[in-house]
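Below are the C-alpha cells for one structure; questions will follow.
Think of it as A, B, C, D and E in the order they're written, each chain with its own count starting at 1.
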Amino acid sequence: MTDHLRQFLGRAGFAFFTALIGAIFALPLVWFLFAPFNSRAELGLAIPEPFSLSNFRQVLENSFAIRALGNSLIQSVGGTLLVALAATLASYALSRSPLPGKRAVTYVLLLFSSVVSGSAAMVPIFLMITRAGIIDTHLSVILVFAGGLLPTAMFILRDFIDGIPRSYEESAMVAGASPVQAFFDVALPVIRPGVVVVVVWAFVNIWGSFLIPFILLRSAEKMPASVAIYSFYSEAGTPIVTLLAAYALLYSLPVVLLYLFVSWKFGFRFFGGIKA
Amino acid sequence: QDLSISCRCVSGGANGELADWIKDSVIPGFEAAHDGVTVTLNEFAGGDEQLTQQLALDFSTGAGADIAGFDGFLIPNFVEAGLLKPIAELVGPEAMEWEGWSHISDGSKALMSYDGQPYGIAMGTDVRMIFARADLLESSGIDPASFQPTSWEELLEAARQVKQAHPDSFPLQLNAGVPMGEATTMQGYWMAILGTGESITDEEGRYIVESQGILDVLNLYKTIYVDEELGDARAQQLGDGRNRTFANFRDAKTAMLVEGDWFYRSVTAPGSEFEVAERDAKMTWAKMPAKEPGAGWNGQDFVTISGGTGWVMNPNTDAPQLAWELLAYMNSKEQLDAFQEFQPRIRIRDDVPVPTDAFLTETSSVLLPLTTARPNDPNYNAVSAEIQRMTEAVVSGSMTPEEAMARYKDAVTEIVGEDNTASLM
Amino acid sequence: MASVKFENVTKRFGGFTATEGLDFEVGDGEFVCLLGPSGCGKTTTLRMMAGLETPSEGKVWIGERDVTRVHPKDRGISMVFQDYALYPHMALADNIAYPLKVRGQPRPERHAEAQRVADVLQIGHLLDRMPAQISGGQQQRTSLARALVTPSDVYLFDEPLSNLDAKLRLDARGFLNHLQRDMGITAVYVTHDQAEAMALATRIAVMDRGRIVQYAPPLEIYRRPATTFVANFVGNPPMNLIEAEARIEGGQLHLQAPGLHLAPLPVPAALATRAPGRLTLGVRPEHLALAAPGAANRIEGRLFANENMGPETLVTVTRTEGEARLTARIFTDEAPRLSGAVAFGFEARHLHLFDAEGLRVPGDGE
Amino acid sequence: MKRFSLLSPRAGAAFITPAGLLVGAFVIVPFFWVIYVSFTNRTLLGRTALNPEFVGLANYLELFSPHRFLDPGQFGFSLVLTIQFVLFSALLGQAALGMALAWLLQQVPKPVKAMTETVVIGAWILPEVVIGFAWFAFLDYDGGTLNGMLDAVGLPRGDWLLDYPFWVIVVFNTWRGTAFSMMLFNSAFASIPPSYFQAADVAGASSWQKFRDIGLPLIRGHVVTDLILITMWTFNVFTPFLLTKGGPGNQTEVLSIYTYRVAFRDFDFGKGAAVGVVVMLINLAFALFYLWVARKRTPGGAA
Amino acid sequence: MASVKFENVTKRFGGFTATEGLDFEVGDGEFVCLLGPSGCGKTTTLRMMAGLETPSEGKVWIGERDVTRVHPKDRGISMVFQDYALYPHMALADNIAYPLKVRGQPRPERHAEAQRVADVLQIGHLLDRMPAQISGGQQQRTSLARALVTPSDVYLFDEPLSNLDAKLRLDARGFLNHLQRDMGITAVYVTHDQAEAMALATRIAVMDRGRIVQYAPPLEIYRRPATTFVANFVGNPPMNLIEAEARIEGGQLHLQAPGLHLAPLPVPAALATRAPGRLTLGVRPEHLALAAPGAANRIEGRLFANENMGPETLVTVTRTEGEARLTARIFTDEAPRLSGAVAFGFEARHLHLFDAEGLRVPGDGE
C-alpha cells in the first residue's frame, strides 16, 4: 500500500508541477481573454463590465484590416508550402547524399541567413524584387520569406531525416521503387512530424512578420495583418488598446487553429522505432 | 493613365479621416475631371521608421506612389540622398505659377522646402501649448479662467499647488525620454529650450552642445521629475509612456500637459480612447511661458513650435504633369474645404477658413505668430535622438544635468563633426 | 531466375575491410546460405548483391549482366532486411503490397495478392494492424511476405526467421523449400543458425572475418569441414576438438592427448611426407557413445553435466582440470545414470584431423 | 570509388534546386551585399546613400573603439548585455526549461500534457505584436495581472519594466521561446527506443537518474542543434523592443535593437551591416563551443 | 529470491486480448520458461511481471507483495530485453555497472563487480569498448551481464539468446544453468526455442493465444503433452498426429486410419466409460524407425522427402494423396536409400492419444 501511495504521490507531484508551469505560462495571456470584450479596455486586468462586442464591431468596419487577414493567409500558406516543400526536398537530398561537408553547408547557410534577417539586407532584396518586376505582389513576399526561412528549416529537418533508418528507403528500392518513389511513399510519411514542426514554425514566422511585406508591398489590398495591425495605432504611434486587443484576438486565431489542427491531425513527434 | 497616392492613413484606423477624404472626395473629383485617369490610394499602416525606409527604397528605384504623404523634417535627408526633386524641376517652372502658392505662407512653404526650393505641399501645421484640467486647477485653488503662467517658476508653482491639493497627482507633463521619440523633442525639449532664448542650433546652423540654456532646461526637468515629483517620471521611461500621460490627463491626475493641437483635435476628442468627458467644461489651455518674461526665443514672452507633414511627388513619377495636377487639386480650396468636413483643423491655405471651432480659431490666431520650426538639416534626426537620451538620463535620475550635457556634447560632436557644433559657455 | 556471381569482391568501410576477395557463384535455382559468426560480413555481402553497397573492388554479376553499378530497383531482386524495415505508417496489407504498388498494380489486386502470401505465413488476420501493434515474430513474417509477394530473379534473405519459434520456422522453412524446389527460385540466405542452413541450403558458404572459408553442400560441410573454424561453427553442439601430439611409428599414426585412448591410425597421404607434430582431432558429439572403460577407442573424463532434452541427452565431461570439455550427444529418452569417471567410445572413421594451421587433413578416399 | 547512395546525383540535384535558387537569391546574394556594405559608409539617406565610399575597416574599428566602448548606447555595452541575455534567456531559460518540460511531459497524464503543451506552444506561435502587447498589460504597474496577483497574496507589487527591465526581457524571451526547445527535445526523447528507459526502470533508476544517464546523453546531438538555433535567434530577437524600446536608459538595448537604431534611426547601413557580421562571428564561436563541449563529453567518440 | 504469482491476469490492447486469465505461480528458486508461438503473449506476460505493462484485470504478486501497481524499479527484478537495450553512449563497463550506479555504489566497487560478471560471460576483455564496437553476440552477453550484476528477487529474460550462433548459445546456456542450480535464482525466461526451454527450465509454461495450456516440467511436457497443441509445438520436428477412427471391441481399443497398422491396445481408463469416436494418435518422429513391411505396428506411406541433416535423417512420407504427412527422425549419418512405399515401425508405449477436443487421453499409470 505504501508503495502505491508513494508512487501515486510521485506521479501526482510531477503532474502538479507540470500543470503549474503550464499555468504560469498562461498568465500573461489572461488579459487577452477579457480586454477585447471591454469597451473601455486598459492595460489593467478587468472583467468586462458590461461585456461588449463593440470593439469587434469597430474592427470589422476597418475593411483594410479585415482584408489583411485574408492576405496574411495567402502569404503564410504560400510561403509555408514553399518552405516545407523546398526544405524537405533539399534536406532529404543532403541527408541521403554522400557529399562531404554537407553538415557544414547547412550550418554556413544558417549563419548567412542570420545576417540577412537583419534589416540592412532589405535593400538588396528590394532591388532584386524590383528588377524582377514582382514588387507589390504576393509572390514577392512568398519568395523572399521562403528564401529567408529555408536555411533554418533545412537545418531542423536534416536532423530529423538523419535519425531515420536508411533501411526504409533501401527496402523500397529493392522492392522496385525509384528514389523519387521511395521518397514520396516511404521517407516523406516517416519524416512528416519533422515537416509538421517546420510548417508550424514557418507559418508562425510569416504570419507575424512585419518588415518583409512592408518593404515589398504597396497596395493596401495586399497588406497582411502584421502590417494592418498598426492601423490601430494612433497618428502618434500609440496603440488604441481597445481595438488593438480585439484585432489581436482575430489575428491570433488562425495560428492557434493551425496549431490545434496540426497537433490533432499529425502530432509533433516521430513514429519512433518500431522494434520494441 | 494611373496615379496613386500613399499616406499613413487607414480608413477606420490611424488617420482614418484623411483616408476617407481622399477616397470619398479627392479621387472621385479628380477622376471626374480627368477622363480615363484612375487614382488609387495605398493606405499605409506602420511605424515612422519603416515608412521612411519604404519611401527611401521606393524613390531610389522608381517604385512607389506618385504622391506620398511625407514628414517635412526628412526632406533634407532625402534631398541629400538624391531621392527627391524640387517641384519646379520635376514639373517645370509653370508649376510655380499655381494659384495656391499665393495662399500659402512662407513659413508653411518652408515646412516642405530645402534650400529655398519647395519639394511638396504641406498638409497643414500645428502649434503647441499647455493643456490644462480646469477642474483640477479649480480644486487646487487656481482660477482656470485666468490661468496663464508667465514664467517657468509660475508654472512650477501652479504644479506645486495642485500637488499639494492632490498628493497622488502628477500635475505637470513635459515630455522626456527615448520611448516617446520625436514627441519628446518637439513637445518637451523644444518648448523649454525656446523659453531660454536659445534654440537647438545657433544662427549659423551649428548645433549648440553646451550652454546655460541646456542646463536650465535639464534642471527644469530635474525639478519636475526628480526633485519635486511634479510629473510622472515612470511614464517618461516606459514604452507606452505617452499613453500613460494621456490617461493621466483623462483621469484628472495631470493638470498641465504640453502638447500640440492634435491633442485636442484627436486624442481627447469625443469617442476616442482618451476622451475627456465634458471636455469643454473641464479642459482649457495656456501658452507656454519663457523662463522669464521676455527671455524666450526672439525675446518673446511665450513660445511655441510647429511641425508639419505634407505631400511630396515621387521624383520618378511617370506622369509628372498629371501628378502635379493631382497634388494641386488636393490642395485646391474646394478640396481643402471638403476636408474640413472630415476633420476640422488649421489648413495650409489662408483662404480655407477654420471651421467654427472656438478652440482652433483661438489657438491658431494666438500661437501662429509666435511659432518657429525645426532646422532644415539632415543631421537633425540623429541629434534629436541624442536629445531624447539626454532628457531621459536626467529624468531617470541616472545623471546630473551636467553629466547629461557632457555626454550630449560628445555624441553630437561625433554625429555632426566638431565644426558644426557650438558652445555657448 | 538467374545466377549471381562475385568476382573478387572487396568491401572496405573507411579503413575497415568488411569482406575481402569474395569470389563465388550462386547457380541458377540454387539456395545458398551464408553462415558465419556475428560481424563476419554476411549482411555486407548480401547488400552488395542487392546494390545497397557498392564494392570497393571487384564485380557483381546477376545472370549475364554486370550489375556492379546497377541500381537496386533494376536488379530484379527481392530482399528481407535484418531489421525488418517495415514502414511504420502503413498497415500490414500496404506494407506487403508495396512492391506491387510500385509496379503499378491496382489496389484490389495487390491486396488480394498480399492476403494470399500473408495467409501462407499465418499473418492473414493481422493485415489491418500497424507494424507497432504486432509482435516481433509477426513483424518478421510481414517482412518476409513483402519480399515474396513479387516474382524476382533472386531472393535475398537476411536472417528472416531468427525471431520465429520452431514450428513457424519449420513452416516458413517449408514454404521457402517449396519455393526453391518447385519454382526453382534463386536465393541467398543469411543465417547464423546452422540447422536452418543445413535444412535449406543447396550449398553453404561459411564465412569468417570477411572471407569464405568453405563453400560446399551442407553434408559436405558437416562431414568434411575444411577448417577447425568450420568444424567448430557447424554442428550443435559443435564438434569436440582435441589437441593431440602426433607421431608416426611403424607406418601408423599415433595420437596422444590427456584421457585419449586411440588405436593407431593409417597415415593419411597428406601427412606421409612431413612430420605431423601437433594435430587437432575432431569428433562430433553424436559420434560419441558411452563406452565400457577399456574399449579400444575411447576418451575418458569426469562428469560435468548430464542434460536430458527429450529425445536426446547431452553428457559433458572434463578431460583435465582446466577447460578441456567434451560433449556427447546420446539419443535416448532417459538420461543415463552417470557419476564420476565417464568414458566415451567412438569409431575411428568418425575422426577428423586438422593440422597445426587448422586445415583439414584429408582422410583416405577424400 | 563511388558509394551507392539513396538518391542518384540527378535526382539529388533536382531535389536541391528549388531551395538552392531561393537561398541563393534571398540569402547568399544579400549576405555578400551586407559584407560589402559593412566596408562602406553607405547610409539610407543623406549624401552617402547614393555615393557610398569604401572605408575599409572603419565601421568595425568604430564598433570596437575603446573610447566609451562600454558606455550605455555603445556597441560594447550592447554586446555584453546581449551575451548576458543569451546566457540567461536562451541557455538557462529556453533550453533548460524546455528540456525540463520535455522530460516532465514524458511522464504526466495525457490531459496535463496536452494542456501544458498547448499553453507553452501558444506563447510561441502568437504573433509578436500581440505578445508584446499582452506582456505590457501583464506587467503594468497599476492594473497588470502580475501585480494584481501579488496584491492578492499580500506581496509587494513591483515596477517591473522600470526597476528590472533586463530581467523582464530575460523572462519574456524565455517564456516566448521555450516551446521550440520543448518540441525539439520532446521528439528527440520520443525517438529513443522505449526499452532503454524500461531497462533503466528495471535497474531501479529514478526519473532524474534516467534523465542524466540516458535521456540527456542520447539526445546530445539535438541539444547542440537546439542551442545553435536558439542562440542565434536570441541574438537576433527584436521582440523585447515592443516591451521596453531598449530602455529605460539603454538598459535593454540588446544588439538587435542597437542595430535597429543604427540602421533605421541613424540610417547608418555600413555600421549596421558591420554589427550583423560581428554577430554572425560570435554565433559561429558559440556553435563551435557547443560542438566542442558535446564532442569532448563523448567517451571514445563512438555511438 | 522470491516467488511470482499471477492471479487471473488479463491484458487487453484496445479490443485485442493479448493474455487472458493467466493464473500460475513461479516458485522460489524455479527457472520457468514461457514457450509458445509468435504472438501468443510471452513478452506481454513478462512485461507485466516487470511492471512495464499494467494488467487490465487481475493481480501480480512477487513474494508476499501485491505488485500489480508497483513501479518496475521497486519490484526487485532484473530483466534482459529482447533488443538488448544497451546504452550506446556508455562503455560496456558502465553499461553493466549501471544498476549498481543507480544504487549509489562507488565507482571502483561497481566496476570490480562488473568485471567479475563480465569475466564469467567471457566479455571481460571488452569492458572499455562501446556497444557499437562489439558483435551481436557480445552485445547480448553484455545485456545478460547487466541483468545479473545485481542480486534480484526475480530475473526476467526475453529471448536472451535468440541472436546468438549455436556455440555462443551453448556457452550462455551453460552459465544460466549454473546460476540457477548453484545460486538458486528465480527466473522467468521467454523463448521460442523448445530445445533451450528443455535444457534450462525447471518448468515450462506452454502458451497459446494468451493462455497457458500446459505448465509442467520439461520431460513431462515432452512425454505427456496435455493437448495436441503442445504435442505439435514441442519437439522438433513436431509430433506426428494421425486422425483415427476408434472402436472398442472385445475390451480392446482398435484404431483405424489410412496406412496405419496397429495391434489393438488396452482401453485407457478414461475411455472406458464413453464411446471414443474419433481420436488423434500421436507419435514422435524419433520414435519411428524404418520397419520391414509386415511388422505388427507400422505406418505406411509413399516417400515424400529424405533429408540428411548431418547426424540425423528426416524421412517424410505421405499417407494419403492429400496433406497427411508423417516424419521420422532417424539417427544415422547417411540417408537410407529409399523410394516408393516406406513403412515406419514403432512401439505401442510411445503412442499418445488425444480426444476429439485435442485433450490428452491419459494412458494407464499416468
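Please note the rule applied: contacts are C-beta pairs under 8 Å (C-beta built on N, C-alpha and C of every residue); 3 or more make two chains touch, one makes a residue touch a chain.
Here's who's who by UniProt: A = Carbohydrate ABC transporter membrane protein 2, CUT1 family; C, E = Carbohydrate ABC transporter ATP-binding protein, CUT1 family; D = Carbohydrate ABC transporter membrane protein 1, CUT1 family.
Being a predicted model, the structure only gives us computed values, none of them experimental.
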item: Longest centre-to-centre distance from chain E, chain (CA-based); value: B
item: Selected interface, A-D versus A-B, where C-beta contact pairs are more numerous; value: A-D
item: Intercentroid distance (Cα basis), chain E paired with chain D, Å; value: 57
item: Whole-Å gap separating chain B and chain D, where each centre is the average of the chain's CA atoms; value: 38
item: Geometric centre distance via CA averages, chain E-chain B, whole Å; value: 93
item: Per-residue overlap in chain E, given as positions that touch at least 2 other chains; value: 43, 71, 74, 82-83
item: Residue numbers of chain A (touch at least two other chains); value: 42-43, 119, 123, 170, 173, 210, 229, 239, 272, 275-276
item: Multi-chain contact sites of chain D, meaning residues that touch two or more partners; value: 2-3, 8, 44, 136, 193, 195, 264
item: Partner chain A, residues of chain C touching it in the complex; value: 50-52, 71-73, 77-79, 81, 83-90, 98-99, 101-103, 131-132, 136, 139, 146, 150, 156
item: Footprint of chain B on chain D - complex, ascending; value: 43-47, 49-50, 68, 71, 73, 136, 141, 159, 161-162, 242-250, 261, 264-267
item: Touch list for chain A against partner chain B, complex; value: 42-43, 58, 61-65, 119, 122-123, 126-127, 130, 135-136, 210-211, 214-215, 218-220, 223, 227-243
item: In the complex with chain D, residue positions of chain A that touch it; value: 11, 14-15, 17-19, 21-23, 25-32, 35, 42-46, 82, 85-87, 89-90, 92-94, 96-98, 107, 109-121, 123-125, 128, 143-144, 146-148, 150-152, 154-156, 159-160, 163, 166, 169-170, 173, 179-180, 182-183, 193-194, 197, 200-201, 204, 207-208, 210, 225-226, 229, 239, 244-245, 248, 251-252, 255-256, 258-260, 263, 268-270, 272-273, 275-276
item: Parts of chain B lying in touch with chain D, wherever the complex brings them together; value: 49-50, 52-53, 56, 60, 74, 77-78, 80-83, 177-179, 234, 237-240, 378, 381-382, 385, 389, 392-393, 396, 398, 407, 410, 415
